Structure formats: structure tokens, C-alpha cells
């Protein structure tokens, strides 16, 4: 897709666990399954390494969407990490929604190392959602001083 | 400030055709900390690696970023190259501009822009990297096997054959396990005892194997390579050194009304007993709950009749503390309780039995001396019904959701053996599916149907009702003919689901080995590390990991042994340096991190600190880096940020976030 | 109140405790302060009335480091905080002698002033021996009366109960003050449109002056050093040019105490700008109850905390609220 | 002296806003703070005490000093622009006016703080006399007459009018700009009210406090007093007192990483914070007692010692109202008075 000056190009941070989702992204790559370049991946050992502060930090710095990918529940390399991540993100996302932040800007997907197709599809869908939501102004704007 | 070199790989045309590598190089030269950037057609080649070596020397680099394929491909290569150049290998980061960029984007401008951002994030991270040293820990060259069934015996023999000391802890008075209760084994119809007993003897006679029967694991501390285990040797009330195994005590014992566990409670035994004739060790134990001497203080018959003077009523439990490098769990299984399955009348009729009970009935040493007869009236049955999947593949909460895996085969075995020995007995098997994936399994099942005329009915049994005439009315359905079946049977055999031995939960907790909702121990990876627990140094053997038959169990026992040997063969263990590390001055001592650690790697210590002049004793988290696998669960749980993960620190990840969102 | 003093003196005298942690008369009729008393004479300044809202449990962290036992007076809701601190090994049970004191609802001086009452000289009707239905307030602008139930701290209207979860002995009667459901306010916000929610929180959070009173008073925020004070996350503590920092502070603070916050309401009591900070914590409590089953932090020190525990069947983060 | 009918005040505000930014007490989410006047702002001029003092107008809680940016390997430094437009702070009380005088001592003495000075040069203070002081007020202890605030313009609410009296050139210029809305008035009504208010002041609970014992060379005596060890105990180490205080002037300078450089900003700091004046070796005040003592010693001893006896407390009583632990400077003063014999 050629770059178009006027088009909204969202900034999207994808945290991927090393063992499943990062490998899933690699598989999407080696299978040449494209998804928008707006998605930039940060490798973490496990989804449970992702601190809510990282997600808020991304929004603070201008991200329009943040997605966290980990092993499917039950398949965590560390056996239980994604279960903790699931609870943490459930609560965090619920809080953001409570503050009036669009729910679509945050997402968790479980993508295995074998799911290159799912990885690509997930990213395509997520970018589409963020594009339809437009630029993230609310999170950066929650506190507006005189 | 780091001095970072950035190396952009063309990967032939894999990257260079879509990413303007020259532009990436130019852009990277402007990044903070970068003092050298270049591109090369194949960074992973020897010549490419030399580029890194040369640049490190020439530019006095302290950090390296390679923009190339996935770190899963060549991170190790580049780390080694950096090490050759005298850098700490953990000062290298990879920007994945192939799988995550050039291969999925077509537009060069777009792909180049993304490659620059990915490289920038890697540079931002390296700026905060610190040299990490892999630690070392010692290995105690001794293994513990928990469970003395066929899985534990085989694992112990294999480890011992490799020259390492092995202790087996078995909670019953003899090794042998479930296999010793079986009559014949499928699909070869070998006599179970005939093939098991030599293994038991081999284990007992092995100079490297030490067996603790009637013993349990009390406490486990330590970590891979260096576990310390307390084993409780329960008081046998018989001195093993003196006992000759003559058996007179058991004959003379006046208390003979205890249910015989070995025969699944189908008959009784004396208070002083060995579970079965081939028991190893052949030393009886006194069941203190049943023993008159222990209950009333009067009796003492066994002491009187024992020529060897082996009876010792005063014997106490003994705690043995031993160190181990590896622990293999082989705790096996039991059949589920059938309290939730009243419709099969198991508790109402003696003639409704489980398959394991049938094994004992069929066995010459069993309660009926091997004669197939009804337990209610001792009559020979004419009509037998087998019901499959009792408690297995259960969609409600009464039983287990999984397939117990062995039932189809042992039922075929039972049916075949009965038809063979008692041709006048009709055998009907109600089944959901017949699952026979295994060498010679389907052939075996087909023989049961075709040669032995076993009547297989696809359908489930809704109810088994005892009739006034002593028979059992079986109401089932035939799904293929779509009809209801009412059948009067003399005996009903339930292919009862198997579940992990109840004690495994306690053991898993002690080992911090994870366990699933069904109490099966979890593998480190379900496909690629099936005999290892996620807890380093703990291996899984047999049904404690999942339902399996004897050959699979033996195969897994061998595999677990190999894994344990691989560990014991090492003198030192290199530990993953990307482990959690607490900042002692920030630690609150709240224990939240320890609660989420899947490896039990976090302990607490009361430690004197000097916090900017304030000296006090504080409760502080300690991470055992030999146990920590570096998942990072603790780092997020820690509210003060005291716990951080080396190699993936909070500030490193935040720097990546900032670089991407810039 | 006098019986509290008498009992405290007894315990000091017989050596059971070496100090007493309670409240001391202020210099106005409504500003008693938390105080340590080391002698029987000092207890002449002791006070326990409707204005003693401060939760003393957090002071027990420091008191636990001292020699000897500290007699501490805990109101029912404070006892949850103490228990939670105990669970987290921050206080020493052996160093505490706990008298669970009754509570008739605590008063909010801001609410009294909001009724147009100013120049207060004396306030009558806030003693534990009073019925606590009417306050008689004399001011330099004349005498006023105000209904006790109209001027309590907002937390008292959704009081979670008058039972002490930990104590050595209990004294004084309580009065039921709950008139609202604990989650009524949260539910009202949940029902708003995203735009309304956003406006509501933006208005409230815009007032924040980052004084950290909410954090420093919070018994769950007992970190030796807050992440917002350290460089561990590159997160500035003090007011930042980047305005997002304040949001992050309140969201993360609420997250860090999720599953640990006992809903004592101190954050909202102390906020100089009257930001209803408990709405963050209560939202997490409500979510935890709904998603993972009812959980009351501080009620049972052996219970599995919701964020250090999980079930295989937990809901997915993307799931819409059913 | 002039006057304007209360119900005509919106017209006055609009008129001021035509030429100058206008700050005045505004109610938002139930709290009143100084804010920028807009058409739909909920102006709350009758409020005796805003939560925060108006010092923000001259010394904002957070302000950027300059920005460094790296582009194409070149660094550029862009200083923040100084205040160059006139603005009006309306409704400021006598104590807060005095507070700004305290700040002037700090920021306008050498080396002059250019950011502060630019704001002071361009800011016009319209003070409003108090007529219903409250229980936490004790400005009189510092010699402040809340009925007669000295600013660029002094104003009084009497009955249905706001009385307006310009006192300085800046005040005259502002008066000139809004003259069409003002009418001439005599000051008799104002005088009457001033007398009445002074009588109320006499009845305030804090009227008895005395600063005797704080003047003269008392540094060592006060510093070493064992009383601090008792007084600080309930202190939570939050910054509420500091941030609502009209005279606290400590700030920290920090860098914000913009990705391409840094934004250097300063922000209020509090001597109550554990990392206040933190240095590489640690902190020179490492206990809360020391930090607590610092705050009050500064207000009552160090500052007057360096500023001709001027205390850096103005008796606004905000700390009395807002301290989460009900601590405040009055309790400190009284504790020492007690020690030196009941006053």
C-alpha cells in the first residue's frame, strides 16, 4: 500500500510473547501473509511480562492502539503466565472503558506459533478497528488544564 | 552512554528488495548512542560476522544491533559473534526486519519506514542493556523417583544403568504399582506378573537403586540440580533387616477382617500383611488401625510366632533427608469413585464391578482364585455386559472430560479372555467409540469381535437395575439400529475412568510443579517437552502426566530417565541470565511476587539493609536464579517496581515503546 | 470515650502495651489528629468522636518496628486495612494490641461547610455517647443545627459493615449508616455514554494537584518507594509537562491496589480537591466481584488474592460486559 | 472609588477579556480554583478560599523552560517564550496578595527569575476584601488586614455592588479600560463594612495565636526543640500543605524525554516529599521529622531571618482546612507557645 499523506496512519504497538505469538508473527512473515506496517512488534518473554504501565505509556506517547498477544490459555511456556495476563488486562481494559476510552483501542489475542494466518488476520482486523476509531485523542487528553 | 554498531542485513534480496537498507543505515547513524552503521548482504555468514568483530574493535562498540531475520533464527549466532569480539553476548539485540517487515510489506517506502522504527526500538533497548552473566549451580548426582509402579521402576533402572544413584519412594508396602494388580496385558496377553516381577527384582537388586517402600515424600526444598527432600519412612512395625519373609505372622494373625487393598477390597487380609506374594520387599507391615495389639494392647501373637524376632511395635516413623539433582514423578493413577453413577448400581450390587476388580477376579491370586464368578452368590455368569466410558469423556461434571485411553483395549482383552476360557458366556460391550490407535491394537479388537464373537453395541447404558432374581437388568440403546436394548446380565463390568493418584496434588505443590484441572501434571511443553515439568529438574513418568498404557508408560519412563540423566551428567548448570532481580531497597516484602511465581523461585529473607542511611532489618524477596525461568509474572505483580527482569527490564521495554511511538 | 481512655491506661499500666495509637484533640472543634500516647497523663488529650475519620492502620507499619506493643484503636473498616497489611507482612500482629472501636459514621467537615456553615466555634452531638442524629453547631455567624446523616463522609453511606475482622477486644457500639449500595455510584457511571464518562473523569482529574495525599494516606499504597517516585519506569512523580502523567498515576495507583484495596475511603476523604478517587478502586472491586467471584480484601488473610490467582475458565479481556 | 452592580459583573469580565486574559475563581466539579474566564465558566467570586492559591498565575505548578531537539544530527535549543501579554487576576484575597509579596522576595531578588518577573510585570491584581472570614483564617497574626487588601485594584462586595478602588498605575490603566461599566461612588459603605468585618475577625477562633517567641535569634532553640519529634508524627509526607500554600516556592527541574530530545521543565516540589533535594549521596534530611521541621522553620524562622522579619506564612488557613492528618502551622505555633508558657 503506497504511502498517502492524507491517510490516517495509526501507531500500533503489539506486545508478543516470545514463545507463541512472536513465532506466530514469524510464521505470518515466512508465509508472506501481509498486514499493515502500522503494527510494530515488541518481544516480551511472556504475556505476563506486560505491565499495564507499558500500555498506558504507549498511549501517552501517542499510540492509537495497543494489542497484546500470548500463548493460548493452557499453552503458556511458563504454564501460568497468560492466565495472570488475562486477569490483569481484563481489569485494565474494563477501567479504560469506564473512563470513556474506546474499548477497541486495546485488545488481547492468543496466537500460537502455528497460527501465522490468525496473526495476520488479527492484525488486519485490529488496524481496521483503529482506523475506524481514528486518532487517539481521549487518552492523551483526559487531563486538560487551563 | 553506549557505543552502538548497527548492522543491516540484505539477506540477499529477502530484505533488500523491499527495504532500502542504505536508508536504514543512514537513519540509524543519527540515533542516540549509534556510532557505526553498515549494511552487508549476509550478516549471518562468516564474513558478515567478521564485520561485527571488526567494527567492535575499530569503533570500541559496547552494543550491537543487527537488523536481520527473526531472533529465533540467528540471535544466538550474533551473540556468539559479539562474544568472539569480546563483548558480552547480551549486549546484542535483533531488529526483525525480515519476518516482521520485508516479507509482509510490498511498498518499499512503507517497509523502509517500518524497518527504521524497528531498528530504532532495538537501538533504544541496547542503550539500556547491561552485560549479563549466566550463573552456575552444582548438580547432585542422585535422582529421586516418586512412585514405584512400572513407570517409576523403569525410570529408576534406566537412570541407575547410566551409573547414577536412584532412590525410589513408594507409599505402599511394596513396589509394583497398578501393573502388579493386572492379570494379563494387551495386546499380547502376556501375564502381567510374569513380565513385571523380573523388573521389580532387577530394581531391588540394582546396586545403584535404593527403595523406600511404605514411605512418602514429606518436604522438598531447593531447585534443579540441588533438591533437598525429606522422606518419611512410615513405621512398618517390622524390622526389615531381621524379617525373613516366612509369612507365619500373617497366617497366625487373629485380625483378618481388613479389606484387602491389593484385591480392591473384594476380600480381606490380616492386620500384618504383605500386599501380594511377589511383593518387594517381602517384608510385611502391621496395619496399626486393624492390629489388636495396637488397638487394645493385648495380643502380640505375631511377635510370639516370629522366629527372627523382627516384630517391633515400638518402631517410629523415620525422616530421611537426602539431596537430589533430579526428581521424577511417577505417581500413577487410580480409578475414579463411582458415587456419581448410581444408575449403574455399583454400590447396590456386588455383581457390578470395575474393570480393575475384574482383573483381580480373573487373577489366580485374586479373591476367587481366578475363577470367573459372581461375587454375590459365587455362581458362574452366563451373560456379561461391559459398559465403556464410565466417567470418561463426560460432558457433565460427574466424571472426567478426557478419554482414559486404555479402556477400549482392556475391555477387548477381558472380553476375549472370557470368551476364550468360558465360551458359554455371552459378552456384550456398550461403547461410544472404540479407540484402538496403537501397534496391533485394532487387529486385537477385531479378533475380539471376529474370532471371539464379542457383541459390540454402539450406544450407552442408561440404567442397570438389580432384579429380584439376582440378575441385573441393563437398559441401553443401540444407536446403529436405533433401538432400545433391555438385557438381563449376570455381571456388569464398568470401564471406570482413571484419574491421577490423589496424593499427586500434594507432591505437585511441594515440587511447585504445575497441575491441570484434572490433577494431571503439566508438561513444560505439550509437544516438544512432554516428559519435563515446567519446573526445572522435575520430570514426568507414566500416567501422572496423562492416561497411557503400559508400553507408552515404559517409553515415557525411559524418556524421563534420559532427561534426568542429561541433567545428572552435568557437573554444573548454566542458568539463564534473563532472570528476575529484586531491588532490595524498593522491596516491600509483600509476597505477591512469590504467589505468582510458577517455579517457586522467590523466597523471602529478613535482611539488614542500609537505605540511604536508614539501617533496618527488612523482609526482602530473593530470586533463585537457578529456578527462575524469566517469565516476568513477578515484575508486574510488584507494585513498587522492585522486581525487574534482566534483559527485559521495565526501562528497556518502555524505551522500545517510546521509540516506536516517537 | 472515657472507657477507651480508662482501658488504654490499664493496658499501659500493666505493661501489655508500651504506647497507644489513637486520636488527639485538635485545636478546632473538628480537627483531631492521629497521635501516639506513651504515658497515662498524655491520654488526657485522647479523643474519639465523629471527626476521628483517619484510618490508623497504616501507622502500624512504623509502630511494628518499635520495641513493645502498640495499642491501636481500629474502626470496623480500618480493621480490614490492618488485616490486609498483615497479609502482606507489613505489620506485625505480635506488636499490636487491637481494640476494635464502634463507629457511628464519620463526619465530613467539608460537607458541613458546604451547608453554608462557617466560622464554627463548637460542634455538639458528635460524641460516641450521643445519638448521632443531630449536630448543634455554634458559629460566629449564629447557631445552626444539621442532621448527622447529611454530613457524613461519603464512604459511610455505603459502609461495608460494622464487624471488626481482627481485634483483641471490642468496645463501644456502632450505628448502621449504610443507605446506599456500595456500587451505586460506579453503576451510574457505567451507564453513561463513553462521552459522558470521559467528560466526568476529565473534569474530576483535571483538578488533581499531584499532592499524593491519596497515595500517602492509603494503607494499600504502602510501598517503601512508589514507582512514581523511582526511576524504574521513567515515570515522573511530580507534575509533568505532559498532562497524561496524572491519568496514568491514578489508573496505575488503582491497578496496584486492585485486589488489595479494602475500600476504606481514605483517598476520597483526604483529596484536597474532592476528587472521588474511590470510584477507581470501587470499579476494580466491582469488576473483581463480577468476574472472579466476591472478594473482600482484608477479610481473610489466607484467601487467594484475585490478581495473584486465576481460574482456567476466566473471562477474556475483549469480552463485552454481559 | 467606583462601583459596579453585582449583576453587571459578567459584562465587566467580558470587557476585561477583550484585551487581557482573565483569571478568577471558577467552580468546576464542585471545587473552586483560579481558572481562565470563559463565557460558560461557573464564576465563584464569593468563594472565600479557593483550594489552590492564585500563585499559579505567576508561578505555575509546571512550566517548560526550554526544549532541546535533535534533528539530522543537529541539536537545537528553543527557550520558552516569556509572558508578554497583560493579564488580570481577579478576586484575590488579602492573604494571597501578601503571599505574592513573599514570592516576589524570592523570585525578584538576584538572581531574578525571568519567567516569574515577566508574569509579574504583565499581571494586574484585582484584590477582593473579605467580609465573612472563616474559622481557619488567621491572617491578622501576620499583620494582614483582610478588609483592606493592597493590590493594583482593591474591591469590596457591599450589598448589591462591587466597589472598585484603583491603587497603582496598572490599576488605573485597567480602570480606564473598563470605565464605561463603572460608576463613581463614595467609600462610606465600604468603611462601614470594613468595621463590621474587623469585629468578626476578632471573634475568630485563631485570633489568640501569637508569634511571640518566633522573632529574634531563635534558630538553635527552635531547631533543637524536642517538640518536633511529637508534632510530625501524624504527617503522611504528602504535599497537600505545600501545594495549596500561597507562599511555598520550592520547585524541581526535570527533563522530559520527547524521543528526539528533552523538554526541560520545572514543577512545584514539596519539602515534605522524601526525595526533596535528593542528591547523589542521598538526602540531607532523611527522616520525616526533619522534613516537617524544615517546612515550619522555613516559614517562621529562616525566611524572616533573610527577609527583614517577613514570615512566609500569610495565615490563609488552607493547610488548616486541607491537611489529611489535621496538622497545620497553627498547631505548630501553639505547641511552641505552650512550651514557652501559656499565652
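A, B, C and D label the chains in the order they appear, each numbered from 1.
Rule of thumb we're sticking to: contacts are C-beta pairs under 8 Å (C-beta built on N, C-alpha and C of every residue); 3 or more make two chains touch, one makes a residue touch a chain.
Note that the structure is predicted; figures quoted are calculated from it, not measured.
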{"item": "Per Cα centroids, the chain farthest from subunit A", "value": "D"}
{"item": "Chain pair showing more contacts of the two, B-C and A-C", "value": "A-C"}
{"item": "Length of the line joining the C-alpha centres of subunit B and subunit C, rounded to whole Å", "value": "47"}
{"item": "Distance from subunit C to subunit A - Cα centre to Cα centre, in angstrom", "value": "36"}
{"item": "Distance between the centres, which are taken as Cα means, of subunit D and subunit C, whole angstrom", "value": "30"}
{"item": "Interchain centroid distance [CA atoms averaged], subunit B/subunit D, Å", "value": "68"}
{"item": "Residue list for subunit C, restricted to those that touch at least two other chains", "value": "206, 225, 227, 233-234, 242, 307-308, 312"}
{"item": "Contacts with 2+ other chains: residues of subunit B", "value": "516, 596, 637, 650, 654, 658, 661-662"}
{"item": "Residues of subunit A touching at least two other chains", "value": "51-53, 57, 61, 74, 80, 84, 88"}
{"item": "List of subunit A residues in touch with subunit C within their complex", "value": "51-53, 56-57, 59-60, 73-74, 80, 83-84, 86-102, 106-109, 138-145"}
{"item": "For the subunit C and subunit A complex, residues of the former touching the latter", "value": "186, 189-190, 192, 194-202, 205-206, 208, 227, 233, 235, 242-248, 251-252, 254-255, 258, 280, 283-284, 287-288, 291-292, 306-308, 310-312, 314-319, 321"}
{"item": "Subunit D partner contacts - residues on subunit B that touch it in the complex", "value": "29-30, 32, 612-614, 658-659, 661-662"}
{"item": "Touching residues (chain side subunit D, partner subunit C) in the complex", "value": "28-31, 33, 48, 51-52, 61-64, 132-136, 200, 203-205, 233-234, 236-240, 242-244, 252, 254, 256-257, 263, 265, 267-270, 273-275, 320, 322, 324-327, 330-331, 334"}
{"item": "Complex contact set, residues of subunit B against subunit A", "value": "70-72, 96, 98-101, 103-107, 109-111, 113-114, 117-118, 121, 514, 516, 522, 524-526, 534, 578, 596, 598, 629-633, 635-637, 645, 648, 650, 653-654, 656-658, 660-662"}
